[in-house]
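The structures come next, written out as structure tokens.
In the two assemblies presented below, chain A is common to both, partnered first by chain B and then by chain C.
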Partner chain A sequence: MADSIASFRGAALRVFDLGIGQMLWSRRTLFMALVAGGPVLIAVLLRVLAALPVFDGGVGRIDGRPVSLDGPDIFGLMIWTFYLRFTVPVLGVFYGTALIADEVEDRTITYLFTRPVARGAVLAGKYLAYLVCTAVVVLPSVMLVYFLVVPLLGGSIGRNFPVLLLDLGLIGTGLAVYGAVFALVGAWFRRPLLTGIVFVFGWEPIVVVLPGYMKYLSVAYYLQGLAPHAMPQGDALSVIQAALTSVQTPLGTGGNLGALAIIGAAALAAAIRVVGRREYVLGQ
Partner chain B sequence: MTTRTRYVLFGGAGLMTVGLAGGLAAWVSSSLPSRVLAQERPDELRYVPPEATILSFANVREVMDTDLRRRLREIQPELDGQREFQERTGIDIERDIEYVVGGIVPDGSNETSGIAILSGRFDAERLEALALEHGGAASDYRGRRLITIAGEPVAMAFLESGVIAIGSEPIVRRTVDLPSGGGGVDSNDSLMGLLSHVDSASTAWTVGRLDDAAGGEWLPDQVESQVSQVEAFAVGIQVNGGVAGTLTAVARDEETGRNLRDLLQGFLALARLQVGSRPELRGLLDSVRLVAAGTNVTLAFDLPSDAVLELLPDRSEVDAATAP
Partner chain C sequence: MPIHYHGYARYAGTRRPPGQAWAVIAGAGLRNMLSARPFLFVLLFAWLQFFVRGVMFYLAANVPQADVIAPSPATFRDFFDQQGFFVFVVAVYAGTGLIANDRRANALQIYLSKPLTRVEYIAGKLAVVMVFLALVTWVPAVLLLVLQTMFTGSLSFVREHAFLIPAITLFGFLQVLLASITVLALSSLSTSARYVGMLFAGALIFSEAVFQTLRGVTGGTGLSWVSFSANLAQVGDVIFRIEPRYDTPWGVSLAAVAAIIAVSAWVLVHRVRGVEVVT
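Up next is the complex of A and B:
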């Protein structure tokens, strides 16, 4: 048993070593750079805008009147809308579904499966490569946005540092869980990308606001329940706030984390099992 | 793994490390003022009994010296009750008091009593003579002069030069009984820990626990039932030109925190709807920010002095209403 675990781990690490390079230098990385770089560009734009005289040089007043929104509020809004609601699920879909589906599509899966390694280790290694690849691009993007946006309008980098750590953990957790779910989708479904997009942009936004228990069949419900930021007050923003905070979870932090851990582990285990048992028929 | 892949991985990891190290350094340095505040707490905290459930501090001298107070003095030369207080105690709030430490303390009979420790420049002999003129009685209690007034529950004790305690007699005696080497409310970590929610530059602050058995007894019954889900609170006010402050409520759990935030958002939305009939409130409402994280819900505001003056009632109307 111990030997088989060690063998599985060794094989997964070898696939990781191979897969990380392929993943990092693929065309998808360009897409990921755009998705992760967008918020950074917006943050730079906000810095420029805040430096304008009308904002009193970014000290929290507009034309002498205090503003009801500061840098940490804007950062919270960006984390919620750009990263948790878009970047994390989209990267999960594009990379997670491709872990096996790309090999099938390129007809290279035969070469992997004829190696003397467990089939499940191939998926595990590629999943690990996906995690490292996305984390190494997305998390620094969050860090840059934090340092650009939080000091605006009187915000303090130091005081909000624990919130940054929470956000980084939250985004890492989201990447891991969405990646596992879509790895299962990629291993199971014939058109995984379409299925994944429907799940992220069709299923989740609807079920999380519907009354009843359907929301428990989503990842977004548990992930947003962990978001530490309160949405800011403001006439225009209160509408956005109402839309986003309609997702109220009765689960506490532990409940949400536990649910995400179960979903991630179960999906990854199921994906490994599917890959191990399924016969992939390559098209002509 | 190719070399350029390693470069990318190490670059990302390096950026994260630098960012986290910088953020950590900023966090540590931003925490320093709180620690400084903790070290520079007024000495008079040792005179407030440790079982206090509410603790307040006000730097009266700083408030009196502000531009806002100067402008207020032009509109309203005396604070409400200032003259009466001076006639009864001989203490001029404007000139004599440096700062005040106050507390609400359970007195052991299912009731709570207040205590105020005043620090400033006091002429003890004159204050004692004035109290005697008003029917008070002076006595020595554990080496300190204690003045009581027959038929009134209030007592005053001269604790040391420039420091007097005013409050209910049992609590004032309890204050004198406290050991000089510590044992006051500053040893109450639960209450003092709430000061972390208060900005170190605050001119006045109040912290309180409502989860103790006697924590909410000072509140009216209706209010007490409403705030039963709030474990503690902290208020910090900075008077410097205008008035800025924060009110932090610590809810019993995260769900209660979310409910409390929603409740406050509702109140703010309602107030915004009604601001048309009270334009003077617009400045206040525009400055209000609501932040919730975990069990903490914080309401912050920042009012320039003009907006504060707008909120005050027209003095001529007040005088007309109170005229016989």
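Up next is the complex of A and C:
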């Protein structure tokens, strides 16, 4: 038993070593750089705006309207709109589904599966590579946004630093759980990307605002429950979600973390099992 | 077995006038998509709203107490709004691989070595996506209008809101064209349909995230032109003669939509080439 675990771990680390290079130096990195760099660009833009008379020398007025948010509030808003609702699920879908689907599409899965390593170790290694790769790109982006945005309009970098740590942990957790879920989707479904997109942009935004237990069948509900910032209320769904959150009993940090850990571990285990047992037929 | 001499033989088939080859590309694409059963389920699911609204129209026409759900021009506007998700899904399903798969298989050179121009090739591919998107937007919207007339047994609603037919057609065309040409342009940029799907989703969601952030910061919606979907929504409100939802002038939103279409067309024309010169 111990030997097989050690062998599995060794194989996974070898695949990780191979996968990290492929992931970091590929065309996809461009996509990831765009996804992670977008918020930084917006943060730079806000800094430039803050330096211009648009913000009335730091008082905070745009088009004559007072800006009611300060730097930490804007940072919280960006964490919600860019990272929790966009970057984390999008990168999870894109990379998670690609872990196996890429090999099937490129017809290279045969070569991986003919190596003397457990099939599950291939997925585990690639999943680890995904985690490191996305964390290396996304977390610095969050830190840059923090240092660019928080000092705006009287915000304090030092006072809000614990919030940044919470956000980094939250985004890392999100990447891990979404990655595991979509690794399972990629291993299981024939059209994993479409399934992933429907789940993230069709299923999750709807179920988190439905009363009852449906919201428990999502990742977003638990992840958003951990966010240390107030939920922005731009669109109708956000307003409903905020209203529902105020009348419902939240799961609490422990409950949300536990649920995310269970979802992530179960999805990864299921993905490893599916990859280990499934016969991939390469189409013409 | 005698061996016959095969020399030059004149083409004996019928000659089609130029400019019709796009229909071959479109026909092949449509048949290919319709042979995929999951895609048919997606199309069927996209009609769910039509059935629900049909029942509501029936109740509004026949149950006096159901006046509150009686249709209005805003109902048709809402219909298009709520079909937005299916427009996205169908565009990803039907459109992402249309050019990317040809580029992946190096089939573009073969296509363009036939009596088929680049414009015909693009038009054929565009027709495939546009037909399927029209099937989930324009067709059910027009049928809803027909249903409304049939349930009430009167043309009074159509007469009172005569602008609805051109509004449905114009907005349907705009929505379908914008999604189709954007996804095709992205498809021409890559050899992986999955990558294209992600780019398309990323562009839509990212632009919306930028808008939501700016909306939160500024407290207004004057910068809605940065979002693809907000631009379309703003123009749609004007076409359906209802109060525009954002502060951005609708002309700016229309210009943004036109710019996206123009850039996509430019990308298509420059990326769809039979020969790539590599330096």
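A few remarks follow.
As a convention for this text, the second predicted complex is superposed on the first by the 253 of 284 C-alpha atoms of A that agree within 3 Å, B and C clash if a C-alpha of one lies under 4 Å from a C-alpha of the other, contacts with A are read in each partner's own complex, and residues count from 1 in each chain.
By our rule, a contact is a pair of C-beta atoms (placed from the backbone, for glycine too) under 8 Å apart; a residue touches a chain by one contact, two chains touch by 3 or more.
If you're wondering where the values come from, they're calculated on a predicted model, not measured in any experiment.
Judged by the touch definition given at the top, the superposed model places A:78 against chain C, while chain B stays out of reach.
By the touch criterion defined above, A:139 lies against chain B but remains apart from chain C after alignment on the C-alpha atoms of chain A. When the two structures are aligned on the shared chain, A:157 is found in touch with chain B, with no touch to chain C. When both complexes are overlaid on chain A, the residue A:70 reaches chain B alone and has no touch with chain C.
Of the two partner chains placed by superposition, only chain B is touched by A:147; chain C is not. Applying the stated contact rule after C-alpha superposition, one finds that A:194 touches chain C and leaves chain B untouched.
Common to the chain B and chain C interfaces on chain A are residues 65-66, 68-69, 232, 235.
Partner chain B is touched in their complex by these residues of chain A: 17, 20-21, 24-25, 60, 64-66, 68-70, 72-73, 132, 135-137, 139-140, 143-144, 146-147, 156-159, 161-164, 228-230, 232-233, 235, 238, 241, 248, 250, 252-253.
The touching residues of chain C, when paired with chain A in their complex, are 38, 85, 88-89, 92-93, 192, 194-195, 197-199, 201-202, 205-206, 209-210, 212-220, 222.
Of all residues in chain A, only 27-28, 31, 34-35, 38, 42, 46, 62-63, 65-69, 74, 77-78, 81-82, 85-86, 90, 93-94, 97-98, 101-102, 105, 191-194, 197-198, 201-202, 232, 234-235 touch chain C in the complex they form. Those residues of chain B lying in contact with chain A across their complex are 1-2, 4-5, 8-9, 12-13, 15-16, 19-20, 22-24, 26-31, 253-255, 258, 261, 265, 268-269, 272, 283, 286-294, 297, 302-304.
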